[in-house]
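Each of the next two complexes has chain A plus one other chain: chain B in the first, chain C in the second.
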Partner chain A sequence: MAILDIRHLRYYYRTRRGAVKAVDDVSFSIDSGKTLALVGESGCGKTSTATAILRLLPRNVETYEGQVLIDGQDVMAYDADEFRRKVRWRGISMVFQGAMNALSPTARCGLQVAEPLMVHYDVEKEEAIEAARAELKSVGLPDYVAERYPHELSGGMKQRVVIAMALIMKPRLVILDEPTSALDVMTQANIINLLKRLLHETGLAYLFITHDLGLASELANDVAIMYAGRIAEIGPATDVYRSPQHPYTQKLIQSVPLLRSEIAPEFIPGAPPDLTNPPLGCRFHPRCPYAFEPCGWSSSEFASILGEEVPPAGAEKIHISHVAKFGTKDPWTLVASPSGETNVSALASELRDLAARWRASVPFLRAIDDIREGDGRVIVKLHQGRSPELIGRDSHRAACWLLQDGGTTVGE
Partner chain B sequence: MESDSVKENAGPSFPEGEYPLVQLDDLRTWFSFGRSLFRPPVSVRAVDGVSLSILQGETIALVGESGSGKTTLGRTILRLVEPTDGRLLYAGMDITHAWQKDLIWLRRRSSIIPQDPYSSVNPTFPVYRILDEPLAVQHIGTRAERSERIDRALENVKLNPPSLFVQKFPHQLSGGQRQRVAVARAMILEPEFIVADEPVSMLDASVRISILRLLRQIQERFRIAFLYITHDLATARHFSDTVGIMYAGKLVEIGPVGSIMGEPLHPYTQALMEAIPDPDPENRLRERPALPGEPPILTGPPPGCRFHPRCPIAKAGLCEVEEPPLRELRPGHWVACHLAS
Partner chain C sequence: MKSGIVGFGILASLIAASVVIPIYAPYDVVRQWSSVEYWLENPRWAAPEWVTIFTGKNEPRTTVFDPSSFRYVIVRDTIVDQNGREVNLTFITATRRFLWTYDNFPSEISLYIKAFFPGNTSTEPGSSPLVSISLRRPDNQTVQLLGRAVPGPEFNRTTTYHLSSSTGAAESVFGNIRKWVTQEGVLPSDVVAEADILPHVALFARNDTAQLNPARSAHLLQGQYELRIEYVGFSLNDTLEPRARLYGTVFGLMGTDERRRDLLTGVLWGAPIAMAFGSAAAIVVVLSQTILGALSGWYRGPVDEAIQRFADLYLIIPVLPILIIIALLYRPSIVAILFVVVAFGIVGSTTKVVRSIVLQIREEQFIEAAQSYGASRIRILFRYILPRVMPYTFALVALNVPIYIFLEASLSFLGLGDPTLPTWGSIIGQAYTGSALTYGFWWWVAFPTLGIVYTAVGFALVGYAFDKVINPRLREE
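After this line comes the complex of A and B, so read on.
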């Protein structure tokens, strides 16, 4: 049975600009002795997923729902006190990003590592520190470290102290949030080796959060690629790395500069979306080179692209003159009013020409279903987009419309 | 630059061609502290005897771990820091100990792209003022000419259309866009030499590549020499012509990118390359070779070769005694190791 199983987890928080949909229907599970790497760009909801699992919620949380099962037990039903006693540290502990800089400067490392034992199990201080010494030894630190203050240690040693702290309560799962991001490459390699060793020696499991696909491959049995609050692709590391299905995963893999290859890295044009107002349909469609009819181009996206705010790459050449303004009636209906120099039928035929001519090379134009005239305006009907489900064979699944009709492979 | 109203020295001129723009000769930058009546000062030997030359239009990547002295070296070359010893030549002119007020020409001909796009631009300035300031300081052009130049700079860094960006404040821009503004600012005086100090380490992986591509395009178009300071050997491989590896204030290996990546000769470079994972699901199945220990403290570096305490092949009686000089073991590829051949 899976140690951690999360199902349809949603976690939104309120801001002045609306709810940020940081985690939006995320499901995955992790077995004992295994590592799931959660990979994505900054702001895609990786860390929010971790804090949602541990229920470390800010005050402005708006939605927090779904199921979090630890050893089959749904912990969402626990009240705050029960959750603290049974889940945090004991069931799941976490190594936070930059945690080595959050060690208390005024307490010796041994005491800091021992503290969870004293708080949760009422262990005597001396006994707890003795246990801390053993734990520090198991993460490869010399004896004297227990007596030292954090400022006396190097970055790599402090990171080992933090890992010892996460292990002292013998948790079932450790969440590692960018555990090596502030360290030098050599120290990083040493820490990763330590994490590998600990995984093999104990029955632990890791949820490994990183933006670095190279680093993820050091630990991952399974990989989940996250984009804009959703999982774009999930599966065994071998499948995801060797035959990525989602265009985002493909692009992400191509964007890694390789040390051992001449193949030049590519970048993904555009930027991740604003999660207060994520794109409709597939959230990746504005940056996707293969986006087609069902992917979810909306009328407001059309209005801003054709209204020449910021055209996406490849669409710079699309230029419409003689439009007074673009309006939107609903997400799938765009209304264009002609300016004084032209009339409705001329504008409609200009739009039709444009759509026919650039359809093949400029993805968003494929979303046009029909162009009609009416009421002195041109009405552009768009294909309705829907959010794609995660589908695929066995455990390797991706959420992409290109895969929805029987699992064809994306790309050339 | 033609509309120059100031009579300052334009700096040295030199013939076109493969002439070194910057030349370092046994350059040292030490920082001293703790000076008192009874104690000699303690010196941090951040840069300790580095010799190299940078050609016009060349990108040279300086790779090293934190504390290896790479940033100090970059700042010393731009004379933001005064060297302690050695010689620093810019276009053949000795600027090792030149006065700042005699270096205004250098400020016009060189610039820096800092690491952190979140703190390197003034948050109270709109993009227009950020880009206008270097021009104003150097008294270049009329208002209209400057505005024209700012638009062109924004187009060069692909912030299109410029009219959309000039009035924005940094907080309205994404990290990648801010770094593009920092690149535009470095470009605005049309320099011939730019020090890019970890220009992409704060950015997301996919954005990183677009900024590095942009720098490469700008460099090829305007024939700018770049000193790309980084800890990331993989981006150095793809975005530079020459790679220099620094360890504990010294250059341990330098050469053409293909030669270094194809056949690293210094044991430190070899260890560094082995420590970096490329994405591969089989990485999980093996330990990654990594050196134990940490780089030395630069107030009292080890005698002999500074890498010897961590070196897997160090030879007793040689490596801890004698400091290895840089030797040319392959064409243009220099290594400071007694045992490399």
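After this line comes the complex of A and C, so read on.
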């Protein structure tokens, strides 16, 4: 049975510009002894997922819902005190991003590692520190570290202290939030080996949050690729790496530099979307090279792209001479008014020509369903996009419309 | 960092002074601070002794003539008077010779005549003992100072002839001196007013026209003097205990004030009092402001709002005027003043600064980590946040001590401090009301002022040193 099972987790922050949909309908599960790597760009909601699981909520939470099951028990129903007693550090512990700052500079490491014990159990300080010493030893630190202050340790040692702190209560699951991001490569390898050893020695499970695909491949059994608050692709690490289904995953893997390879690393044009107002349909479609009819181009995106001087994704500049302005009627309907001298039919035919000519190379033009004339304006109907479901064979699933018809892979 | 060492040195010396002072002058002395009798043996307005090194003049020290230092000639006899009655008589002649080799006049002369004359009452005329006091000078003139009956009906009587004072038992001394001076013909009688006579100058001055001038223009007559006291009592067992004191013009290391008090005692005792008051006030105030500031920054919300508005209010309340009013109404002791000062300092600027520091610390990762393993808010506050704020607080305590020392000194200067304790402020205040600087009694003002400045500089240097340790941008390269 899964140690951690998350179903339809939603976690929005409230800001002045509206809700930030940091985690939007995320589901995954982790089995005992396994590692799930949660990979994605900065700001895609990885850390928010972790804090949502541990219920470390800031004051500006707008929505926090879904199911978090630990050993089959839904902990969302717990009140604050019960959650604190039963889940925090007993069920799930966390290694925070940036070990440099995860330790209080004013307390000795031994005491800090012992702190969770003292908070949760009524143990004597000496006893707790003794347990902390044992834990520090098990993460491969010498005895004297317990008496040291954090600033007296190297980055790698500090990270080990933080790991010892996460393990002191023998939790079921440890969330590793970029545990090696501030360390040099040798130390990274050391820490990863330590994490592997600990996983084998105890019945732990890891949720490994990283932006580094290489590290994820080293440690993870399963990989979940996250994009804009959603999971784009999830599956066994070998499958995801060997045959990525989602265009985003493919791009991500192609962006990893390779040694002695002629292939230059690629990048994904554009920027991750604003999570207060994520794109309709598939969230990746504005940056996706394969985007087509159902991916969900909305009329406002359409209008802004057409109005732009610089066209997207490799297309030449598209110039429409007869248009005065574009307006939107609803998310899927665009209204174009012709400029002074030209008539409606001229504009309509220009748009039709444009769509026909560039359809192959400019993804968003594929979203045009129908161009009609009416009321002295041109009405452009777009294909109505929906958010794609996670679908696929067995446990390897991706959220992409390309897979919808019989599960064909893009590359194939 | 050098300034820090100097600061610590100053503090160490102050602490050493606070330890040593009870040995030099035990607390009993301090309790006598406002008593008159206790300090009677000291000269008034005396400069520090070491000024003689600079002036080169041998300034007189206070000279005390004990009863045992007099030479006595005692004759006891019973005679028969013309009425055929038997009369018991005791003649006592006490003499004391002394050399006056100092380069200045004494500042005052006091004579104490203690006579024991049993069996006599004042109702019988002529039966009160008679006392005659005279001074023979190096120029062989003898000045009759006093010749009169011992006043009062008591059997056991001490009479103080404070010759420098124109009132009381010494009143007739002035007339006698005037008579003597005019007899000698140096000055016509009509120019001499009794009120202008300074016995301690006139008796030790050369017999010339400047004899009745003040000490700085009269001419000193050095040489051997003899003080002679003749006593006639009317029983066979009368006793006489004469005692004399010639006050000097210099005293001790720091001189004396108007009330003859040893300023060294006062200034040294001022150190532990100022340090205790300043440190206690600074520690309690800074600690309370720090904790409230941390609570404010950590809990936010209504707690924050309440504490901050309270702090705003306290920041605009002027403490000194309020303290003056309280001091005027209640004459509080120094402990009560301390309580008032602390009460008006529970929130303030430190509350605001600490709040802003805590707002920064609260976003740090180790705080989030502590929350994630279930540490309570109050635990996080005391174990993680306050230890981070404390170094800053140390510097603030050191920098705040002088502020409270000044506050106490200001109150004492205005005469509103604790009147029973010798604080630096109160000494300066008394010097001010005693017009010390008008008369040139610089030591009365200088030493307590130096005490305040020295302490303030010490704490300030230590505070800046702390500040440098905490704030690396201020560190000297």
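Definition applied: the second predicted complex is superposed on the first by the 401 of 412 C-alpha atoms of A that agree within 3 Å, B and C clash if a C-alpha of one lies under 4 Å from a C-alpha of the other, contacts with A are read in each partner's own complex, and residues count from 1 in each chain.
Here, a residue touches a chain if its C-beta (ideal position, glycine included) is under 8 Å from a C-beta of that chain, and two chains touch if they have at least 3 such contacts.
Predicted model, so just to flag it, every value in this text is computed and none were measured.
With the C-alpha superposition on chain A as described, chain C and chain B fit side by side in the combined arrangement. Shared-chain residue A:138: touches no atom of chain B or chain C. Using the contact criterion defined above for the overlaid structures, shared-chain residue A:261 touches chain B, although it does not reach chain C.
In the superposed model, A:42 makes contact with chain B only, not with chain C.
Put simply, the three-chain overlay gives an angle of 70° at chain A, taking C-alpha centres for chain B and chain C and rounding to the nearest 10. A count of residues in chain A touched by chain B and by chain C gives the higher number to B. Shared-chain residue A:249: touches no atom of chain B or chain C.
By the touch criterion defined above, A:89 lies against chain C but remains apart from chain B after alignment on the C-alpha atoms of chain A.
With both structures placed on the common chain, the touch criterion links A:271 to chain B but leaves chain C unconnected. Contacts of A:106 after superposition on the shared chain: chain C is touched, whereas chain B is not. In the superposition on chain A, contact of A:212 is made with chain B only, not with chain C. Across the superposed structures, the minimum distance from chain B to chain C, using CA atoms, reads 8 Å. Looking at chain A, you'll find no residue that touches chain B in one structure and chain C in the other. Chain B makes touch with chain A in their complex at residues 65-66, 160, 164, 174, 176, 204-210, 213, 231-235, 237-238, 261, 271-284, 287-292, 294. Interface of chain A with chain B (complex): residues 35, 41-42, 154, 156, 184-190, 192-193, 196, 211-221, 236-238, 240-242, 251-253, 255-261, 264-269, 271, 309-310, 316.
Per the touch definition, chain A reaches chain C in the complex via residues 54, 56, 84-85, 88-89, 93-94, 96-98, 101-107, 115-116, 119-120, 162, 165, 169. Partner chain A is touched in their complex by these residues of chain C: 364-366, 368-376, 379, 383-384, 387-388.
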